[in-house]
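Going by the order they are written in, the chains are A, B, C and D; count residues from 1 in each one.
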Amino acid sequence: MRRLSIGLIGGGFMGRAHALAFRAAAAVFSLPRAPYFEMVADATDELARATAANLGFARATGDWRSLAADSAVDLVDITTPNLLHKPMALAAIAAGKHVYCEKPLAPRAGDARAMADAAEAAGVKTFVGFNYLKNPMAALARDIVRSGEIGEVVNFRGIHAEDYMADPATPFSWRLDPASGPGALGDLGSHLIAMARFLVGDIVSVCGQLETVVTERPVRAGHPETRAIDQDDQARAIVRFANGAGGVIEASWVAAGRQMQLAYEITGSRGALAFTQERMNELKLYTTGQAPGRDGFKTITAGPDHPPYGDFCPAPGHQLGFNDMKTIEARDVIEALAGTRDAWPDFREAWQVQRVIDAVMTSAAEQQWIEITDG
Amino acid sequence: MRRLSIGLIGGGFMGRAHALAFRAAAAVFSLPRAPYFEMVADATDELARATAANLGFARATGDWRSLAADSAVDLVDITTPNLLHKPMALAAIAAGKHVYCEKPLAPRAGDARAMADAAEAAGVKTFVGFNYLKNPMAALARDIVRSGEIGEVVNFRGIHAEDYMADPATPFSWRLDPASGPGALGDLGSHLIAMARFLVGDIVSVCGQLETVVTERPVRAGHPETRAIDQDDQARAIVRFANGAGGVIEASWVAAGRQMQLAYEITGSRGALAFTQERMNELKLYTTGQAPGRDGFKTITAGPDHPPYGDFCPAPGHQLGFNDMKTIEARDVIEALAGTRDAWPDFREAWQVQRVIDAVMTSAAEQQWIEITDG
Amino acid sequence: MRRLSIGLIGGGFMGRAHALAFRAAAAVFSLPRAPYFEMVADATDELARATAANLGFARATGDWRSLAADSAVDLVDITTPNLLHKPMALAAIAAGKHVYCEKPLAPRAGDARAMADAAEAAGVKTFVGFNYLKNPMAALARDIVRSGEIGEVVNFRGIHAEDYMADPATPFSWRLDPASGPGALGDLGSHLIAMARFLVGDIVSVCGQLETVVTERPVRAGHPETRAIDQDDQARAIVRFANGAGGVIEASWVAAGRQMQLAYEITGSRGALAFTQERMNELKLYTTGQAPGRDGFKTITAGPDHPPYGDFCPAPGHQLGFNDMKTIEARDVIEALAGTRDAWPDFREAWQVQRVIDAVMTSAAEQQWIEITDG
Amino acid sequence: MRRLSIGLIGGGFMGRAHALAFRAAAAVFSLPRAPYFEMVADATDELARATAANLGFARATGDWRSLAADSAVDLVDITTPNLLHKPMALAAIAAGKHVYCEKPLAPRAGDARAMADAAEAAGVKTFVGFNYLKNPMAALARDIVRSGEIGEVVNFRGIHAEDYMADPATPFSWRLDPASGPGALGDLGSHLIAMARFLVGDIVSVCGQLETVVTERPVRAGHPETRAIDQDDQARAIVRFANGAGGVIEASWVAAGRQMQLAYEITGSRGALAFTQERMNELKLYTTGQAPGRDGFKTITAGPDHPPYGDFCPAPGHQLGFNDMKTIEARDVIEALAGTRDAWPDFREAWQVQRVIDAVMTSAAEQQWIEITDG
């Protein structure tokens, strides 16, 4: 079997998660190409060597540009802070590499579009890490919506709330730097918008509001000095979809008590779906027309009828975990590069997500509705 | 409309609950007879007068025997401690009164049988306050079982657990006196056994275990002196039903954190039901043969399709409460006395419940299986 | 005990619910005044007589104006369609009666203000039937917010979704007549806005969106002819509270599968609350600073520590129902008229709710943010 | 790093699961020894070669005896049907190999004891695949019990119910052969008993009941011929723990609608724990003494405070899956072989589990209580 040589940029949490995912994908699935850990780039040569040893990469470099251009690398996998995605991706694309990049793709929509344009011009394939779309329950939800089982969609309520920034003692970091794009809206809202688009379709107008809840934070952990913060801790928007449905989306990283509330309820003319990633193996489905006295939401639990659950476990109800979604994502990358699957979600899709984010930011700043015009 | 004159014995919590229920029944339902609060008996004349004023009874007495024999009374309603049920009921029956009595009916099965025999010989109607059977969700569960929607019943798991005796500082009271019959098994287990019989049928053999968890308690609230306790705080039994199904029943009044866990799961050959009184307006139903990938338990919420919910509220999902079950029970008493409904559950049924309780006690004492032979 | 003579206008579902509530209040609580069912008005004399017989009123009339002016009536209780609230209330106020009126108070805010002004000028007490505020869990939530247990409120997410208008075969009715005020926003949104104000405080700006999902309906049940509908079936708004918190509110009466989803999550700087009326006896509470590894939302169940639960049942966890909230409301009306409690929520409060509704309507029509200025 | 050479016997579902787990463990954890896939044995040489290719083993054999004796193998990993565990384990032990074996360890307790004795005599380490004990929530539950946070344990209610044998069309297989030991009691009950012992301690007496629900099944899938079945589909027992607590355990593989209900509630004198593997990342905890009006069960969600969750994901609430428990088990095997952790649960522990199973079988056959005497 031909191998797929991966060049990973970034050895932090997400770099490790990608490495785990590629290994797990090779073990769980019958892949058309074997992932090979060719090279890793980190901030310095020394760090990169440590990361290579730790994650099992053959080569290491402190210079990501050399990785991006390395002839042995098939796929450049970018897991660095958001601000670096664009130069890295463009360099990789220029070298003719396929690119797999973490979300959000770029600080602003214009950046994302330039990246998508470049990739398409170069004829390389791209992937963005919207891992929650890879949950088999998301595919199930989409099947249910598309099949018309709940009729025409009339409402979408979506939330992505976590609390990892709720503590005012959590210090400044790159996520709080406006140059990296918005705060909670970018980090969590991007997941939610990708999900909304996946399930309901294009968003054509928004009216949004952004808030900074914790207005100053230590310059670094434990330091007495603080700096002012004005990135959004909370974002909300009313949205209109192209198909006429309306909805609400919310993102927060200061939602006390919530650790993984990526939740939605989709109401249709003949039924409804409700989901929260907090119970990621369950999807609630309601359809009209049930027998009198027997009417209710049912709770579907993930099983082999919801591919690729069965590749992980042959028994229903035994549950996938967070890392398994990333494993499915890694499989999808490999299969797309082997030509047996579409490359999706790609940079073009990530640009669409980013356009909605930008529109919410503009709407919040201008305090008015914003149309998202054809690209 | 002809009125139904009620003679209430006992002005405590349950006496008040019965009075509330009769009033509410008259307001909520179109009753065939109007309940009239004729007379109340309490421990002394003075207490009885206060209770009468408080609950709205026309007359009062400190002598329950005079109430039981009073010519103006149609129905004797007994809400006193368990130990008193038998003499009171027998006196009322001897005077030709219909009798409505709280559960458990009597300390031991022999007492209950004597009461049932006497009532039948006298041709009076009897009622026992197994109020949880009056929840529309219980009727729904029974309909589902009887209709065969879940196939043949193969297992019943039942629990009635509360924590009102969990605190060792809770003092001795009549419930802890062996002369009143068993402890948690009698007080809560009787509800559960009544439910099991209602939903699955006769229990024909048991193997049980009783435990005293709090082995001494203050002689009265706040008193430093304690007395030894050997009533059961926890009871469990494996049971066999006449229809071949097996099961487990458990009762506890020391179940920390549980306040109303009257819960069951019934497994059938083609489906299952799950319920807990903690969410008394919901019944979970599973049936085999659902569409692939759409398989799951559904949560049915109480509504007008589950009579008599609609008499309380025309809108589904708005929820009944604990007192509403007692209101339905009061309606059933009145309708049965007017001849428009069967008197049920009656003393005969309560005797059947008591026989199971007795069998569990014997089984626990003798450490062996006990058959419940034909009465 | 002095009695309180009630004059009820309207014998439909809500009229009956009020009558039930007054009866139940008298049975459950020790009231300072005894409610007396003096008189009922319905569309015709004949109807009114039937209603009087059914609900137990002493007198009946087909002319609500005579009831409003009747010297024997202390409290005029209005349960008619929204459009009639204003003339009825003003007539009663002019006659010096206290007024208890169903929600929403009036079609538009100006009407509500006129009603509040008139009542205050006349020195009569007023009450509006926002019954969900009477749930002991709502009082608990408010106590938690006010005490600072969850810190400063930073977000409010509120939903009131039901599905009683989801079926396109449901015919036109007065609720769909624009003269009655908005649709779902008025009928359900008013409950939600009252709750938001109760828990978080004044709303000072909104940006909203209204949608008609079912755009034509039969002129009456089963009739083949339809008429165009443009009342809102769905409403959503982003809101800003006076205390700086932001939030989202949504109302829908076409939410398939939802029958009583009056739900909210309140996020504070040190905790959170989550509630849904679908499980009206439970409130979820999260606070920061729990022991490591022991962190989580707790589920508080209603009990005697949450007054006036204990008046209904001395045992915790046994559950109140929908009607019990109305019973508490009736108690509050009677106690306020006896001077032992503030009259609340009154017409002034209902006007505040209505102002938010009006602002959402204006915002939706003008597609812009609307400030709610000082009254 | 020194490697650990694994010889796997069995290439079915569990064989693959073990291979996945060793690979994942190497990726997720910093292991003291690197697992090396030395050799695999399957029913024939050909099958074994295919399995080796599929799972990545260096060598293959159709003769498990040669694997068990192979000098290059450090650990013999047995994933074959139950009946084969004993001869395979004894052969491996005789060759001085450490042994990792799936559960249940053997058909009957005597077999298990012989295996444990042999291993101890040979000085090799042993492991049994009770994977649910490896869930971080199980460790948390045990910590809570041991620390006394819920006081003295007074009750254990345990269930392991699934429905994979509910369909009568499911054919005969080795699990239904009495020579393999009991049915549901062995396959699922063994997990539950291991959990009960882990959390509460030794079980000293039982009274049990076994039932065959589906009494005949096709001889093989789709075949019209059937054979009589008398293995237990359902098992229940009342149990007594050495520490005085009582309890109930139930196992069923015909529990319609249940796919992974390994559930327990542990009641203590000052609190309670409730868990179901259906929501494997949540543990419910109740403790007495909470503030008035703030009393309730809390739901703890798995996070980095519950090791080794943090090795999988640094963010709390993101959820582990079924396979992750097996990965933790594989880590424990490797660390125990490197001497940095105790080998547990081992054959001795599995024998203790099996003794309880045997006692339930005997109790059911003899219809009486059975003491489990000192080994």
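Everything below uses one rule, namely that a contact is a pair of C-beta atoms (placed from the backbone, for glycine too) under 8 Å apart; a residue touches a chain by one contact, two chains touch by 3 or more.
Predicted model only: the values in this text are computed from it and were never measured.
More C-beta pairs touch across one of C-D and B-D than the other; that pair is B-D. Chain centres were defined as the mean of their Cα atoms; on that basis the chain farthest from chain A turns out to be B. Separation between the centroids of chain B and chain D, computed from CA atoms only, is 41 Å. In terms of their C-alpha centroids, the spacing between chain B and chain C amounts to 36 Å. Centres computed as Cα averages put chain C at a distance of 54 Å from chain D. Along chain D, residues 258, 296-297, 301, 303, 316 each make contact with two or more other chains. The residues of chain B lying in touch with chain C in their complex are 13, 19-20, 23-24, 27-28, 56, 162, 164, 258-260, 278-280, 301, 303, 312-324.
Residues of chain D touching chain B in their complex: 150-151, 154-155, 157, 159, 161, 166-167, 207-209, 211, 213, 233-234, 236-238, 240, 246-248, 250, 252, 254-258, 267-272, 286-288, 296-297, 367-369. The touching residues of chain C, when paired with chain D in their complex, are 140, 143, 285, 290, 292-301, 303, 305-306, 316.
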